[in-house]
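Scrolling down, you'll hit the structures one after another.
What follows is chain A paired twice: with chain B in the first complex and chain C in the second.
The block that comes next holds the complex of A and B.
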């Protein structure tokens, strides 16, 4: 063995004094496109929605959420792209060089208005934040499809066989109205308020929780969110992380506490204080937003932009707050 | 919280159904025992187990066929074997019309009540059945049988039609047409008494009867000069020798000889446009897939022919199956893919049987497999069956269905040539498109391009049905007028006036008698605001109830919408309600209000739906109003 090589075996290699950082991320190329007549430059890979938001151009969304994969199902974010046969969903369509986008053309406003009318005529949107304003902004008139049909008995809609339905007489407009499902202590499922945005399925699945307790079942107007064979949640794979509630845009999924307070008429959002804190349970350090009404925690969420949670929590952070309300502030209660 | 015990286990029958498809489990990951009982860890194998998800539909088919419905324990067993969450698989099972997740009698007659069968008296058949065996869906004949209404079964030339499914250890699926209620009841009774439905019908008719039988579906069969249908009725569809003797496999031999680029050049030069409805240039599609870097690429043949009024692909699969095998093989070699999927709708049992037979024989003879005709090239074809979902004819929904998911269309872009089946570059073509391929490759694209018109090259198949004496599949050179086609089928049925024609099926366009001179080419129909679509020419005479027909079309779209996007999911419902009000003479507000509503719905569905189903769901209905075939009564305004 030559002496040049021998030192490799006798001396450890010199340590770098600097902790290597991640390789530099190349700045994405910019793409130029036209939005509503003005030239815009955005990073390649952005969606039309990203590009619009960067320019403060308002695009309504329902099924879109920053922390979930876009499913572009609600179609309320459609925009017109020159040369395209149909409108395109801004939430998922990536920008292309030279694209000419119209976000408020007559065609765009028409489809958005119809989407809102179709939803509002078939779904109870009374607890969906921001939707009333959207209906106003687009001049939507859901009543023109006729009076709402009476609600279906519990479970009836879920039982419809795909490809079969009873033809309506047209006198009333079919809806998804049905009784609220209350099968556990933590949250309720009011599918009369479900717009089928797929967000809860995504949050339960690969986008957050990887529990896969729920999926879309049925087809067409009878499509609905369900566990296998409509099994009640306590017998399903649900782990009560409540991330489905966190992403629900209409209040179809709701803390049982909120549901009961609303029923009792005591829910008062204006009187609620929101306080951010760190979850006390484990060492992960999730940011919690406590919604406090009259000194009592009534709901727990997490900010979408919280770096650890991205809005998602576990069962303890989400629901494990009731001890705060029992027993007062000292440990000696009842002891 | 209450203790929840485990659900009951799947029955031996259910487990067998699943295991026949999947084979014995290899270890813990696919539902078996731990592979290494000596304390080995099951740390690997999850990916492999989950990669078999695409077998979910075959497994669900197997359970449905053996047991008659898919119980929760059966589904959970299938889920354990395939490593799929039960809720997810339940969503899939609940998507397809031919799967049932509630108990259902083993014998089912699916009776077509769609547009053409209605003209042939399907409503009477249903009414008679209701009297004879009870309401649709209710168990009858001692719980052994039931009947259900069905959308178009693709046998419009012999309407009315029915599909019989018999669950058991020897399951059967048979399509029959024409049928009447007495015949259906007789079959149900005989089957309930334990008899086989009919002998397995893969066997072709005896040679001397073949042509006469085929002519009931293809009246031109046997005539000289046909280019697409020239073997139909002439050759024995089981015989590879017959196929080769009739010029078969010349195309594949030439393809191997000249190589990939030359094949694509010929197809491009032919000017062949896709025959499935979208009329995309086939050569351009193939070139795009071939140019995609990275492997694998896939070849998919769309035989989910579900457009009401369409039955040409069925006839081709039943009577000329090797042509499809040859064409797919050429396509595979040309686009650099070694694996093809042939997706056939479940309502075509004979097509599936004949294709499976042709695949086996072709493989044995070296036309498929690892060394095709000694070229060292490889291609294999697998048949996948739909399960009762029109939307799966949409190419991206079809991919999802093959992948074992709900048949929900994907947003495009990305297009299939970049990201198709399993997210890989995929060439997907319709049966009729493909059947043109061997001839184009063997004889050159120029010969094909010399036929037809400037914008529509080659020959074309049309499915003529309804009020004509000789409905069936007809081949013409592009350029024939609508009137020419109706004349070919014998004109309007005796003594009646032509009222309307539905071009392109349920997603097509109604035209009135003034359109008889319309040239049925892509360019002329487009200019006239009509469509060829999949080649449907549905003829209605003066006896037709147009409003009832429109309501059936609207009901079809409401049933077949996948439910993913709002404009289609709710729009199809509102459209059907509007037509009900038209039928009842009780409009909401004035006639103009209703017409505005229809136009608004149509525009939003066309503009904002994800896929072609929603985009065309109002097409036929709006066109009927445009053509003046139907109108809201003006006097109703006074009442409103």
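The block that comes next holds the complex of A and C.
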């Protein structure tokens, strides 16, 4: 390298006269619609859910997540649109000019109540944050379908062929109860808690990880999340990013350590401090939220609104913290 | 580049670019969350070219994989440059307005014909031509690289060859077009930015530039030595010559991370005094006269780190450090006190504010702003400045403020460790998804993906050596030998082998690697070792290997 060029490399570059930014995008037009009798104006392309949240109108959701494509699976976000034959899912339906939306009509409340009753009668929602409050809010009575049917033995639901499901005799409520799948050291799959929201499939697929280790298999009530041929995770394409855990709304997918602490009665969310920091591995700079209980990191997540991760991590970021040891002191606790 | 030591683009730009060349980078496994952004670009229609000796899991996503022979990157880059010029596809207006040295570059690459490049790189001429035309004609295009470019005896020249391609086509300084080294450690960018380079003061300011150094003299009340120091490899040379006799190592494990491990251990053991500051009692710390136990800087201290898109982000304390471990800052303040300088015990934020006063590119990044914005990208000159999404936009102003960007012509120079009849196989090294560097951090969690070290070989080579998957073999280089199991890897071509540095306690891969280093960066040629494979139980050549002073790894 000539000395003249070396000089250029050793001087700070001149400043740009303009601050570089992305190419300008024209602001979307505003769309006017009526929500619960009030005229509102939102950017074109918004969903009804966006419009409601901007006005603090509460819409319950289970299968919706900001960083995933809406799949319209759970139907708890349905609202009534004047002139529409059916209720529409607020999470994916785009606003249209002149739309007249009812978010809390009796038809809407009845539908949400029934959806919640069907889910809660067939699925263990004991670790699903916010669902108990939803059941209360809609007066849902999942017990009205009768006592829960006995759980399926391990592997039985995976073996069901499409079309082989038989209607219940009406004396008991059909459920997805089955034993927990524990086939690796990092996370467990408790499909007795699965509401088939598809979020894990999306996070494993095109919405984030693009690994495609899991998909929805089966039909009707026998539909379930499965690896290819229901093979154990270590024999599947899984790379243990844990992004499926990050998006699971019910705790069906869970760190194995959390699962074991819950079983031992030592999991204490109220006693956990959460601290955002940056991953100690590669140079991408992913934000990690460290969940610390009694001086031990017990779980790692990432904020959905972190510009780099959008909530998603890799195996090292999510699970590679154990070198920090156990049983230390949480920052600020008596040190 | 061009005086600013950082990647030019932001991650969001790779989602909106039209073409990405991933060159010497297996980002799918080494930078997985960056790869999420890249895949979003691919799904929106960006074409992906992977230039890599291995058909990696990243290359599996590429439209075209260019399976380059290890260490022939400049031959390929120069041939691409020549083809772009020959086809008249260079961005003439950009070259004339914003660059210097084009004529010398054109003259240099003139001999790099497609036929020559095919011979030197192993990449079919038609693929090279296709890449040249696609890159030059894409509205927006990025080159991203990792250690496959830099861990060579001429790593800096490799980078210069890639920069020339961007200058030739104008693929730098615009949204969606840029040059991006993906940084391998969470703060390797920040460490350099803070002056942990032998020729730089904080803010990437060159220590030999009087005007840049003087403010530090004034702020610190001392005379900062006006000459650059030594990079790591030069330090090892100085140890060898008895010039350097005491060493203070902070957060590095050179016993296991340096190439030619036998030599590194000998030199570190021969020091008069070795101090190691680390969160673990690493094999390097075990050699030390004094160990200073440090807090883990990502979860036990407050501070900042800087990532591959130049974003400075806060790290925060979630845990108290165990036992006697202390914050790096506290250790340094205590050392200073014992050396007679009373600095008190300023907070991480106070230290950062001193940095902001001395580094113009960080001046606007107050802690409250970093908190509120979720990190800011340098340069950020004042508290009203939003930080820069991409660098070098000045090259698109007319006239260009400041210096033009120089073409620096470079020549192909093959790896130092030559292949011959005794050492016919090219060993290259890299990371696997679930592991990291020498394994001191990543070795602790129970990854279902972890298989331990292996010598990965093409199916053809496994057959040719009459080996079985899992069979233990002796791997011999000109410097040492290790024993490790063989694993068949269809992503490898005949003549190419792969190992990692993740399991050095079990298989010390760095006994094999060569310490041929780039004189400018000090980085060793980890990517190109000449080896041979010996079946265990075969006595042929064992005497020769022992005579070469080999050390065998202990059994796993």
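Here, the second predicted complex is superposed on the first by the 302 of 335 C-alpha atoms of A that agree within 3 Å, B and C clash if a C-alpha of one lies under 4 Å from a C-alpha of the other, contacts with A are read in each partner's own complex, and residues count from 1 in each chain.
We adopt the following convention: contacts are C-beta pairs under 8 Å (C-beta built on N, C-alpha and C of every residue); 3 or more make two chains touch, one makes a residue touch a chain.
Predicted model, so just to flag it, every value in this text is computed and none were measured.
Engineer: With the two complexes superposed on chain A, say which partner A:228 touches: chain B (first), chain C (second), both, or neither.
Structural biologist: First partner only, chain B.
Engineer: In the overlay, answer first, second, both or neither for which of chain B and chain C A:87 touches.
Structural biologist: Only chain B is touched by A:87; chain C is not.
Engineer: Based on the superposed arrangement, let me know which partner A:106 touches: chain B (first), chain C (second), both, or neither?
Structural biologist: Touch status of A:106: no partner.
Engineer: With the two complexes superposed on chain A, say which partner A:122 touches: chain B (first), chain C (second), both, or neither.
Structural biologist: Only chain B; A:122 stays clear of chain C.
Engineer: In the superposed arrangement, does A:286 touch chain B (first), chain C (second), both or neither?
Structural biologist: The second partner, chain C, only.
Engineer: Touching A:312 in the superposition: chain B (first), chain C (second), both, neither?
Structural biologist: Touch status of A:312: second partner only.
Engineer: What part of chain A is shared between its chain B contacts and its chain C contacts?
Structural biologist: Touching chain B and chain C on chain A: residues 234.
Engineer: Chain C touches which residues of chain A in the complex?
Structural biologist: Counting only chain A, the residues touching chain C are 1, 5, 8-23, 184-186, 206, 208-210, 233-234, 239-241, 273, 275-287, 290, 292, 295, 297, 305-310, 312-317, 319-325, 328-331, 333, 335.
Engineer: Considering the complex alone, what residue numbers of chain C touch chain A?
Structural biologist: Touching chain A from chain C are residues 2-4, 11-12, 16, 30-34, 36, 39, 43, 101, 173, 175, 182-189, 199, 204-206, 208-209, 212, 280, 296-300, 305-309, 311, 313-320, 322, 360-361, 374-375, 379, 381, 385-386, 388-394, 397, 401-403, 406, 408, 433-436, 440-449, 520.
Engineer: Would you tell me which residues of chain A are touching chain B in their complex?
Structural biologist: Answer in residue numbers: 71-76, 78, 86-87, 89, 92-93, 107, 110-111, 114-115, 118-119, 121-122, 144-146, 159, 161-165, 167-171, 173-174, 195-196, 205, 212-223, 226-229, 234-237.
Engineer: How about chain B: which of its residues touch chain A in the complex?
Structural biologist: 1-2, 4, 72, 75-76, 85-91, 94-97, 100-102, 137, 148-151, 388-389, 406, 411, 413, 551, 555, 558-567, 569-574, 576-584, 586, 588-589, 593, 597, 600-601, 603-604, 606-610, 615
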